[in-house]
Structure formats: structure tokens, C-alpha cells
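Here's the structure we're looking at; comments come further down.
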Amino acid sequence: MGALWHYFLSNRQQVQGWAITTIWLAAVPLAAGLALALPAGWAASRFRWSYPPLVSLAGALYTIPSLVLFLLLPGILGTGILDTLNVAVALTVYTFALLVRAVADGLSAVNADTLSAASAMGYTGRQLLIGVQLPLAVPVIGSGLRVAAVANLSLVSVASIIGTSQLGQLFITGSSLGILTPIVLGLICFVILALCFDLVIRLAMRVLAPWRRAVPG
Amino acid sequence: MIRFDSVTKRYAGGTVAVRDFSLEAPSGQITVLVGPSGCGKTTTLRMINRMIDPTSGRILLNDRDVATLRPFELRRGIGYVIQQGGLFPHKTVIGNIETVPLLLGQDRRRAQARALELLDRVGLPAEVAGRYPAQLSGGQQQRVGVARALAGDPPVMLMDEPFSAVDPVVRAQLQEVLVRLQGDLGKTIVFVTHDIDEAIKLGDQIAVMRPGGTLAQFARPPELLSRPADAFVAGFVGRDRGYRALGFAAAGALPLAPERTVRLGGPLKAARDRGADGWALVVDDREHPLGWLATGEVPDAALGGDVETGLLSLGGTLATEAGTLREALDAALSSPSGRGVIVHPDGRFAGTVTASQVLTAIESRAARLRQQAVHDAGKQPAGPGRSGRSADDDVAATGIGRT
Amino acid sequence: MIPGLLSRTTPDPGDNGLPGLHRVPIWFNDPLNWKGPDGLLAYTSEHIVYTIVVLAVAMVIAVPLGLLIGHTGRGSAAIGGSVNALRAVPPLGLLILLIAVISPHIHITQGFTYLIARGSVPYFIPAMAVLLVLAISPILTSTYAGVQAIDPAVRDAARGMGMRPVQVVTRVEFPNALPLIMSGMRSATLQVIATMTVAAYAPLVGGIGRLIVDGDQDLTSLRYGYPAMVAGGITVAVLALAAEGLLALLQRRVVSRGITGRYSTRREKYERHPPAASRGARAGSARRMRRSGQLSHT
């Protein structure tokens, strides 16, 4: 325990830099992926004919191993191989693929009776979407987001194989230097980050959908 | 024979589901456990095949304590039908029915033949054999459930609200299936329901249970209707008890008036001549009544035509000659002409009877019963809720069970 | 193939200093890149074999355990919770940790055919261990979720008709949980195929990841560098899609049609008994007036 703290203190700047990179590399794709998935998922739920192709496309995208995307993107985007943008774009693609289905299912899952009651009361289509369907879909989308958050953090660490600069580098350092401390520190950091992300999302879910307790697990 | 010996079921936390329950369900008959929610009837049923074990007391199946038998062995000798069916979704209909015989070690071919035979017995066509439960309607699924329970030819059947989840028309059909099967097979059946009318319709013995899990009354249907043990039972059995009790009263010899009938397809003119009080009874070639024709409504211009089904009024019900007073009264009341149609057991027209004639029969029977009750009260001390034979049991003698 | 083209090491014009993606088809076209102990075919077959082995072991562990948890309804919080928590652990970190801690203590030096290189066993074991943990998680979760999702009436009926607990699990719960079990297995397969590339970080361990990890040493090399990495990546992606397709087909064959709803319209194969006499009479009846027996009670 003491050794960990000592290591952290002596490499404070580097570790902090990596930590910040890791956090934004996991968080920004979550937001961007969600932003892209919302209209796509809405389209899939609204136009039922588009649901199967969209979900299949999402499934195919998700099937591509992360490392592959990290490698392809420099060629496509023209970025350097160490550029963190590759990771961010790749993770956005994954978050999008994961959430399209969650958004589509969450919006369609709203009770048909509730919808007709609301429209009978005079809600317009847009009001229905924003005022009724979205809030009620929060639990489903939220739990998809939690899965995506954990997956993203895990994938960020994979980028260490190519050398991208983030907390995963602690593992590489430990491996090349032959010491355990940075490795253990890295593992602990990732687990803590995963717990924090999970907590933040659950809080957000509770704020946006207070009538339901957050789905456990 | 199934005997409950002071059975109690208490759950952790203090809830008592069944309290000191004692009863003897006779072999070869249908014993119905009936009561409102929370009365412990399902718990009691599930203690027979040890899905639940009692906290105290014993349950004896043909004088063997069920607790001494290994649960799965016990259950293979008991048919079990539940409300939601519980058919295996991953097996076809025939796969479902074969399950118990295969568990018992019978070979495939015999099990399959037996399954097909049972499918027929419960009134399902052979085409459904290869289908999956999800392709069947609710009523069909329940029939398969019954067939599945019968497949191992168990002497005992436990049925937990098996017909409650279907609509009334299907429920009536399923009840008839059960009555017919029981007539053929004579199993010992314990049947749970919350519907008192279903209990009266199906049960040979009825056990009314109270919330809290105690037995309120154990009696045969006519006695339950005419002599409820206390206010709870009376309230539970419900209103129209007198009228419903008529369903167990044999019509006996009602005065049947003759009627000149008209053949379907015969000349309308004949109908006008033969009708009385403006109505003529139309029958088919086999003398089966089809409906009433209002002779006054036929315009003179159309008199040249024939009697057609479109002209018939179909309102009245039919009562059989050896049926119940309730059937007879209903036939008389529902008939458009005021004359209730009575038929022979084979369906041929026997005669008509008026409502007042039936009422006379009802009143004379009631007078007879009152005299009998006074006579009996004089001879022995009155005991509430005694189960036993009474004058109402003339039904058993004539063989007509239910209305 | 012009030998000079392949041995040139100067990078193509491009802002990122990497050979362009057009080099990748050229890489695929060179048979030398496919054959031999460090060719694509060898790596791919290793990748496939490792995946199958890991999945088989994971199924053997996770399915019975999941069935047990699902059947008894106990332990889902403890075991399920801890298994889910493992998802948050970065596989690369876990791999490196295990190598640092366990590998020095493994003294097996011989290899096994071409699949396991000589001297690689001390690194092979941690790699496979990480992949196993990764594979067990989705299979275990979906197995017990699959059992819990079964209509309770079905499980009640199975017990009530006299099946022993083991029979209830094997004859009723397992077949009905199959859709979810298969979906967990598919998820696990994808994860293993993908993460196997990371496992190549362990020295001497085979699989397509070898191309990727080694390629990092000299990115500009046209034979071993970036083009090889991309080629390897594309191969893994193709493998993943192929596996997904195969498993989808398998799922269709294996899961009972009663559950999926795919009913065929094949002809009924059950012979009809001679019709019962009552049926004919019932069907022919033209009775119009209802028997009072069918009147509903008042």
C-alpha cells in the first residue's frame, strides 16, 4: 500500500496526465456516441422497417475488435498512430453501436396506452417524445450507458498495445521495468474509474427518472 | 382416498396459511376446495404432492403418509394441472404429454400411442400433436395440460384453478371435458377454485375454506345450497341459492302437454293451422325441435311458401325429460310461446310444459322437504354442516348431475 | 511481385508517417506473408484453436454453475456480482500482472506442435487465464438469467410431475434457457477473439495478435509494420464476423422451434385414429335451440 502511494507521488505528473487522458478518452465518446445514437435509435423505433438494418449494422460495427479500429483509423483519418483521436473515434463508434439498440428499445418500450392517453390530452409528437418517451426510456438507455462506460474504460487500456498515452501505460512501464507497483496501481485506477463512471451515470438516471430506483447490477 | 389429519402450515414470520385442516376426500370422486383469496386452498392442495410440506399434521394417501414417500416418486403417481398450464415451450404437444410415461420408463412407441389416445380423449384433433404450445389457444393448452396429467394413468389428480385463466365459454367446455373424463375414468380428484359455481357444478364434495386457512363446511352441493353452516358460507355461496338448488332437483313426472309440430320445409299454411295461441313448434326430420314460428306474423301473401329457418324464433332452451326442475323452469320461461319444450334423452320432442305447472311441482317438492326437515329435527338434534345424504339427493338416483 | 517493392523501407507520402492503407491489399497478395511459421495462416489457425479451447473450458465451467445458480436462485448476488466486477478490470493489466506474478514459477519448457511455441508455456498460461475469465463472465450471467427468465409455471409443472431436480435442470431448464445461453456464448466468443489480440502482448504467444504487437516495433516496414498490423486487424475482424455468423446458424439449429417461434409448415406426421362415434354425431348436429345445460348460471 505504501509502495503504491510512493510510486504515485514520485510519478505524480505523469500519472495525472495519463489519468486525465483516460477520463476524457472514456467520457467524450460516451457523450458523442449517445448524441449520435439518439436520433438513430429514434428513427429505428419510429420507422419499424429501419430497425433490423440499423440494429444489424450496429451489431456488425460492435463485432470489429477495438484494436482493429485503432489501427485502421490512422490510415483513414491520416492521424499518427499514437494519436489519441483514434481511440476517441473508435470508442465513439462502439458506444454508438451499443446504444442504438438501447435507445430504440427504450423508446419503443413505452406503453402504448400511456402514449395514447398523452396524445389524447393534446401532446404533440415532439412533446410526446421529449416529455414522455425519453424520460420513460431513461432506465433502458441508462443501463446501456453503464455497460458502454465499463467497456470503454477497458478498451482504452487496450490502446497501450500501440503505445497510446493513457493509464494503460502504467502496465507497460511495470512490464518493461519488471516491477509490480505500477501494474497494481494501474489496475486499481481503472477499477476506481469504472466505479466512478457507474456512480455518475446512476445518479444522472435517478435525477432524470426519479420515479424509478436505478436498476441494480 | 386422501385424508388430512389436523394439517397446519405456518410460514416463517408467523403467517398461518392452513390451520388444523382435517378432511377425507373419498376415492373416485371430485372433491373441490373453494374459498376466497387467502383461504389456503392452493397451499392445502400443494401439500398433497409435497410441493409444500406441512408444519404439523399428516396427509395420508390411501393410508400411507405422504411424508414417508420420496417426493418425485409420489408425484409420478399424481396428475398435476395448474392454472397457467405450465406446458413445456420447447416440446411439442405430444412431447409434453409423453413426459410422464417416459419418466416412468415406458418405451417411446407406447408412450406416443398413449399420448395420441389422450389427445383424442380431451377432445383435440390429431393435427395439434406436432404443434408447439405457443401455437395453441388458451383452451387448447389447458386440454393438453389435462392430457399430460392423465398420461401416467395416475389414480389421483390435483387441479389448481385449471380453468380460471380462460374465458367463460371455453371454461364451460373444459368443465364438460372434465365431467366426461371423470365419468369414464373415475379418478380421485382434488380441485381448487375460487368460483363457487364451478365448485357446485363439478364437485361431488365441496370444502369451503375461510381466510386464515380453516375449514368452514364440507358437504355435498345440494346441502351446501340449502343448509350453509354459517354466515360466511352463506355469503360465499351467494344469492339465488334457492333457484340454484333447483339444479339438483329432479323434474320427476311433469305433466307434458302434446303439441302438433310442423316439419321444417313443410307448407306454411299447415303451420298456421296447427299452431296454438299464435305459435307453432317446428321440428326436423328426426323430431328434434328447431324453433318456434309466430303464425300470426306470416303475411297472407307469403302463405304459399314453406317453413324456412329464417322465420324461426330461436329463443327457448330445451329441457330433458329426466332433467332438473331448473332446466324445466327455464325452458318454460324462455320459450316465446310460453310453452317450455321438453325432449326425450335422445333429443326427440316429448311435450310442453307451462311455467305454472313447473312452479306447482317446485312448491309441492318444497312442501315435502319442509315436512321431512321437521320430521328429522324431531328425531335427532340439529347439527350444522353435517355432510350426508338428504332428500335433495334424488339427483344421484336419476343420474342427472348438473345444470 | 517485385522484390524491391517489398523490401523498401522508406515511408510513403502521407502526413502521419505511416505507409498508406493501399499497402494492405499488396500485403495480402504476397504469398510469403501467408505461409510459414510466422505467416498469416499459422497465426490464424492458432487464433482459432485457442479461441475454441478457451470457449470450451469456459462453457464447461460457466454453464453448469449458471444452471445451478439459476435453479436454486441463490448465489446470484455473490457470484454474479463478483463476475461482473471482473469486467471492469482491464485485460492488458491483468495479463501483465499475471505474467509478472505467475510466469517465473512455471518451469515447463517444451512446446506443443506448432500451436504452442517452445518456451512459451509460462506466458501462455496467464494469457489463457485472462481470456478464460473474460469468457466465463457473459456465459455465466446469461445462463442464470436464462433460467430465471423461464415461466415459473413451467418449472412448477416440471417439479410437480415428478422430475428429480437434476431432471428438471437438464430436461426443462437448460433447453428453455438455451436462447440466452447461446447469446452469452456468442458474446463471449466475440470478446475472446478480440482480446486474443491483446494476449499476444505476452511474449511468444501465438495468434493474429502477434502480427499486431510485433508490427509495433517497426511501423514503417512494409512487410512487418503498419500494413501487417492492419492486415492482421482485418483478419481478426473477418474471423469475428464469420464466428458470429456460424454461431447464429448454430443457435437456429439448436434452440427448439417452440421457443423461437419458427414453426415449419411441414405435414403432420401423426396418424389419425379412427374417428370416435361421438365426434360424428356432434359435428352433424343441427340443433338450433340451446340445451339448458349451456345456460350460464344466474
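Each chain gets a letter, A, B and C, in the order it is written, and its residues are counted from 1.
One rule holds in what follows: a residue touches a chain if its C-beta (ideal position, glycine included) is under 8 Å from a C-beta of that chain, and two chains touch if they have at least 3 such contacts.
What you see is a predicted model; the values in this text were computed from it and never measured.
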Most widely separated chain from subunit A, with each centre as the mean of CA atoms: B
Identifier of the chain whose CA centre is least distant from the whole-structure CA centre: C
Geometric centre distance via CA averages, subunit C-subunit A, whole Å: 22
Between subunit C and subunit B, distance of the C-alpha-averaged centres to the nearest whole Å: 54
Centre distance in Å when subunit A and subunit B are each reduced to the mean of their C-alpha atoms: 61
Subunit C: positions in contact with at least two other chains: none
List of subunit A residues in touch with subunit C within their complex: 59-60, 62-69, 71-72, 74-76, 78-81, 83, 150-151, 153-154, 156-158, 160-163, 168, 170-172, 174-175, 178, 180, 183-184, 186-187, 190-191, 194-195, 217
Residue numbers on subunit B that touch subunit C, as the complex places them: 49, 51, 71-78, 80, 82-92, 94, 99-100, 103, 116-117, 120, 126-127, 129-135, 145, 148-149, 158, 168, 172, 197, 201, 240, 243-244, 284, 288-291, 309, 312, 314, 316-320, 323, 326-327, 330-331, 341, 347, 402-403
Sites on subunit C touched by subunit A in the complex: 14-18, 20-21, 24, 80-81, 84-85, 87-94, 96-97, 99-101, 190, 193-195, 197-198, 201, 209, 212-213, 216, 219, 226, 229-230, 233-234, 236-237, 240-241, 244
Partner subunit B, residues of subunit C touching it in the complex: 151, 153-154, 156-164, 167, 172, 175-176, 178, 256-259, 261, 263, 268-273, 276, 286-298
